[in-house]
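Across the two complexes that follow, subunit A remains constant while its partner is subunit B and subsequently subunit C.
Presenting the complex of A and B:
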């Protein structure tokens, strides 16, 4: 049977009427799931968990009002288990804000810190009110600073789906939503917002990255930093946002439409437009701690809802601090596990997010008492969740108290890791440390010592991230310069493995400047030819500096924003990085999925990776040696792909013997970081033939990348032919 | 929200006056569907709109989708700057033909 009347009948629910009146509002017992606030026929269903509460009250506000318009205590009959649920009829979801007041014991030694005087934010809030406009003091009283709102969940995606790019093909670009376009030079109509980021998609496409990793976008309070800049006296921010308030709510202060409560639509449109451009979206998520700090911190949400469920507590009820921020979320408590899973499913399903990077993910492997678990339930659950199956899961596999799990994070064949050892190894090589060639070789070939069973794509390779020096500063400063952070330069990492090339900070000496330019190119060339997933930080491709500040989390200004004038000023560097990205994508030899050779075909020219020195096939791992030469090779049954990279961190020029190619093949030069632009790099597919095929010279502190091309082919490959290239004859 | 209708060059021009939000959206949707029932091309004159909320954006898109099914063409005209910025940032503007003036809208649709 079909037809309108029946459809209409099914539109009506037999339970859409009130059974009670509370504080003047018609209500009925609600549905406990899903948690949070959901539109239902004729009203809104509210559901919140607290297993130790003695009483729960729904607090309703007219949108924008300081004081509540009504408080509705949940009758005992509205509780199922530890969940309080109520449907309130006649509410206009767009015109209200809501929060909770929870009563229960205040007994810190037993883990309870209930305080019915506090108005608490729903952890499942899909919208948060109280921080709609970046950097502007809240209009709400301290008694109820943050409230939840009810978001629309309909959106016209026009067929968009997550992109599901193969991990081995990813090139990740780490960016801060505000910092990316807030600088006046960005020229966008909506600076510092999701919409502003959309306006810069052509730039991202031009650069060639295919995955953007956004630093925290869940609601946080950028004004919760009490420190002042001791140099300039200015108020400092919590600019990076690793202090989450509402895990389901995109930050309104990053939305051009945040004042209108339309951040969900604006965020979804950003994802849709990025996907159209072939760019995946990965979110940096912070489940290791919350914005409530320790005993001295404010009671905003979890602490007042059910402290001993949500936080890891010592036997006497104090906060474990594995995160370095005062508290630690109790990630392996079943309720918190459910919360994390609900949250990520929501972002994956509702926002089409392609993956997640987990801040201080080692904490996800701790039990409620802090013990490191061999088989952590939450990590396993995320690995095998059906909704998250295609999402990239990336662990920052350490925490703030020394648990370092790079290479042995419980991965369930799903998780990849920020490879901290890659960062350190490449940095030490770049500054010409002794005894580091073997380490660099291991890192460039996908860190088989760490990821042999998982493959190179388990390794997210990076030399810089938001945390630490920018790449330009890595070659311009020996020491961190964090005086403006208000902590007497005591904050920030001391182990930077940086080298200033002879002068600390900005330099006029053209020799120093040229060396820095070369070192930056060396870093990019190594990063983009290594096995594993490369990640670069927004701005590094145009030489962004933070004046030696390696912990700029608290600065909202020139220091932390991307100055788009650099794109013009450093167009040579941009071109180098753009070409290196295109080169990587053109060469399967650089994007292996396994560490070992796939098949031992007789037609293969070479192993998948081989090592060389000044003599071909004779690598030198002696501690005084500073040359690493790698040859990466792939054969798919018809085409040979072969790339040779020589990196010299010695201060003298070295002559290297090149591996001999089959008769029909010849070495072509893709990049030489010692050459002046535009000869430092060539468009992939248009590399000129190397004049001498048996030897090449690698200049002091520079790197060379060659590709094996057909001996008779001209230099007229076009970029669109990249996918066909290289097409080599079979050997023999 | 007040709606008024007139015909200009064979095109229906519907002027929206006031705020389109969750309070006014259901009535406005009903009015729009009634005024658009004759299948003529339509220009929505938004010059006197003071505010558009999420609910308003959705009504506009729903109406647009429905007219698309009927093969009716719709253009937005004289969209106030703030509303235009909101529609642009959320991507809703991409769905519509947008014209500076009602006259432009009539011209585009005829």
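Presenting the complex of A and C:
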């Protein structure tokens, strides 16, 4: 069919006219789906759900104005079921803000907390106004502090698609959008923004990571922290952002264009540019609680819309607090399930997001009364949702009241988990705890005790995350130092399994400093040679410190921002991490799909993983032993890949016998954390051959990584050797 | 500030002069001119933006609209953009549809 009048006819609806006038605006009954505000021909369709409300009013504001320009009550005929829908004609979507006023019973014991005096934020808001500029107090009155806006959903993606990198190949880099480039040393044109992050993509490519996990980017209020820094007296922030206000809206305060309401476009451009660089985008999402707190908290959205639907309530109508923040979202209520699903579908489809990390995900497994469900509907739905099929789903498999599901989170063959046991096991090994070698071996080989049926990629391995010590602080502090958080150092985790190498905090002693440097390299080498998905925290690759603060959620400043001077000052460490990442990606033996051996081909040299001690093939699991030596091996039918890693947390040097290789192969040294840079690490593919092939020494508190290469008399790299290390596969 | 746009076609070059604020209310006027220009045999579409003071989200989309309306091979130039306008275009990634030249570059 050609264009012209026929096409034009089809473009025009027969219901694009007003049937009513309300408060001076031409309106008609709207369409109940989709929820939220959507552009339709000639106007905007508003749809909001509340099953217990007795009356709903649409509140319209001129952009930036404190008081409403109009309030439009929904007539009874505009309600279908529990959904109030209205199309308002003649609105300029760029010039208005909107909210709702909901009437209904105030009966806390029955779970109802309606308050028609409050102006409420639409849970489906695609844009939020009220915090467009980071750290700037709202110009709006307390009666209506946050409003929704209407976003464009079209974008010039230029063919961009989610990358669909295989999970086993991921190397996740956890970052805070603002903290990543806000420091003056970042040198970007728009510090602390999505656009600033785009300017640092070359750095990420150089480092070699292929997935960035962004700490919360859904709209939150960084100024809702009432505490002050007891040391310096400064106002504290809610810097991390685990206090969501608008789940569908990218944070405007992270956008250079936020003041113009263009954060959606800027965010999408960031995703497009990251994808173009081969980097996936995973979002840290917070569905376990909202920013409304408990009974004492503000009524901003859910509480006033339908409190007993959105929150888990005790029999007497108080808030369950499984999140530690005052309230708990009622994730397995059918309406809330739909909300979560709608939200993630929106981010996957509209923003091309590659995956999600769920904060305190164990809460997603609780029923409305808080009991733990064996088959939680929302977790199952997310696992099998058609739109989310290719998205990575990563659970922080615990909550704030002790439900710890690492290894038994309901996974439906889809979910991965932050492996808390990996973190603890590696930390304890690094500090030379006794009786930990077996634990470390289990963690390095993909935690088969936890994920045998799911494969190593179910385990997101990490030693540090945003929550806790940085890696530099892990080797510099025995105790947390959170005085600046305004809680008398009572906040933050007490179980850090850290060791300060002899001096608490900064040290001038070159011996202490060298030991710390080595311990950091030990950590990275173990992390990046373990089976499972490694995750590192932005800044750890250049030695970022938070001065011993292990709960820096409230600091928007030097303590939290990445100081880019460190890239120059600690270039040796950066090089070590860069090489270790490249090494991992070069070696399929380190990125196995299954825990058990692949097909038993006669040409195989070794099992997929084998354990060794000071004698080859003779691991020592005795409690006093502090050496773990692993050999990882893969064979795809043509190429052999073999990596040997020995980690020694003993304070004496150990001599290890190396597994004997076939006659045409020889051990080459990739890394020795005891060696001074640049000899601590070698570019993958250019590793020098070991002079002695039968034994190697592993220095005190250090780690060694070897790779099997062809026999050569010199240590010069020969390009044909690359055949041993196939390049990383990628899916369509 | 009110928006005004004019189209002039000379040989194989269409020139659209933009004045004022390009937003949701003025975007249709701009798009109509682009559609009109697309009816000519062109090698170049030039948008003169030195008097364009503001560009909203709707305005940004006009650039993509122009890119889509013009036949392949037609060079699309956005000339003399004021710094704020040019920056907005770049930050949101809409500069990939056009050749963008800022006022200071002239």
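Following the convention adopted for this analysis, the second predicted complex is superposed on the first by the 712 of 732 C-alpha atoms of A that agree within 3 Å, B and C clash if a C-alpha of one lies under 4 Å from a C-alpha of the other, contacts with A are read in each partner's own complex, and residues count from 1 in each chain.
In this section, contacts are C-beta pairs under 8 Å (C-beta built on N, C-alpha and C of every residue); 3 or more make two chains touch, one makes a residue touch a chain.
Remember, it's a predicted structure, so these values are computed and weren't measured experimentally.
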In the superposed arrangement, does A:162 touch subunit B (first), subunit C (second), both or neither?
-> neither
Checklist entry - Of the partners subunit B and subunit C, which touch A:260 in the superposed model: first, second, both, neither? => result both
Let me test your reading of the model: by the given contact rule, A:534 touches which partner, first (subunit B), second (subunit C), both or neither?
neither
Exercise for review: Could you tell me if A:130 is touching subunit B, subunit C, both of them or neither one (first, second, both, neither)?
Suggested key: neither
Applying the document's definition of touch, where does A:446 land relative to subunit B and subunit C: first, second, both, or neither? neither
Dual-contact residues of subunit A, meaning touching subunit B and subunit C, are 92-95, 152, 154, 156, 190, 195, 255-257, 260-262, 265-266, 268-269, 272-273
The residues of subunit A that touch subunit B in their complex are 92-95, 152, 154, 156, 189-190, 193-195, 255-257, 260-262, 265-266, 268-269, 272-273
Counting only contacts in the complex, subunit A reaches subunit C at residues 92-95, 152, 154, 156, 158, 190, 195, 255-257, 260-262, 265-266, 268-269, 272-273
Given the complex, residues on subunit B that touch subunit A span 21-23, 53-55, 57-58, 61, 85-86, 88-92, 95
Seen from subunit C, its contact residues with subunit A in the complex are 23-25, 56-58, 60-61, 64, 67, 87-88, 91-94, 96-97
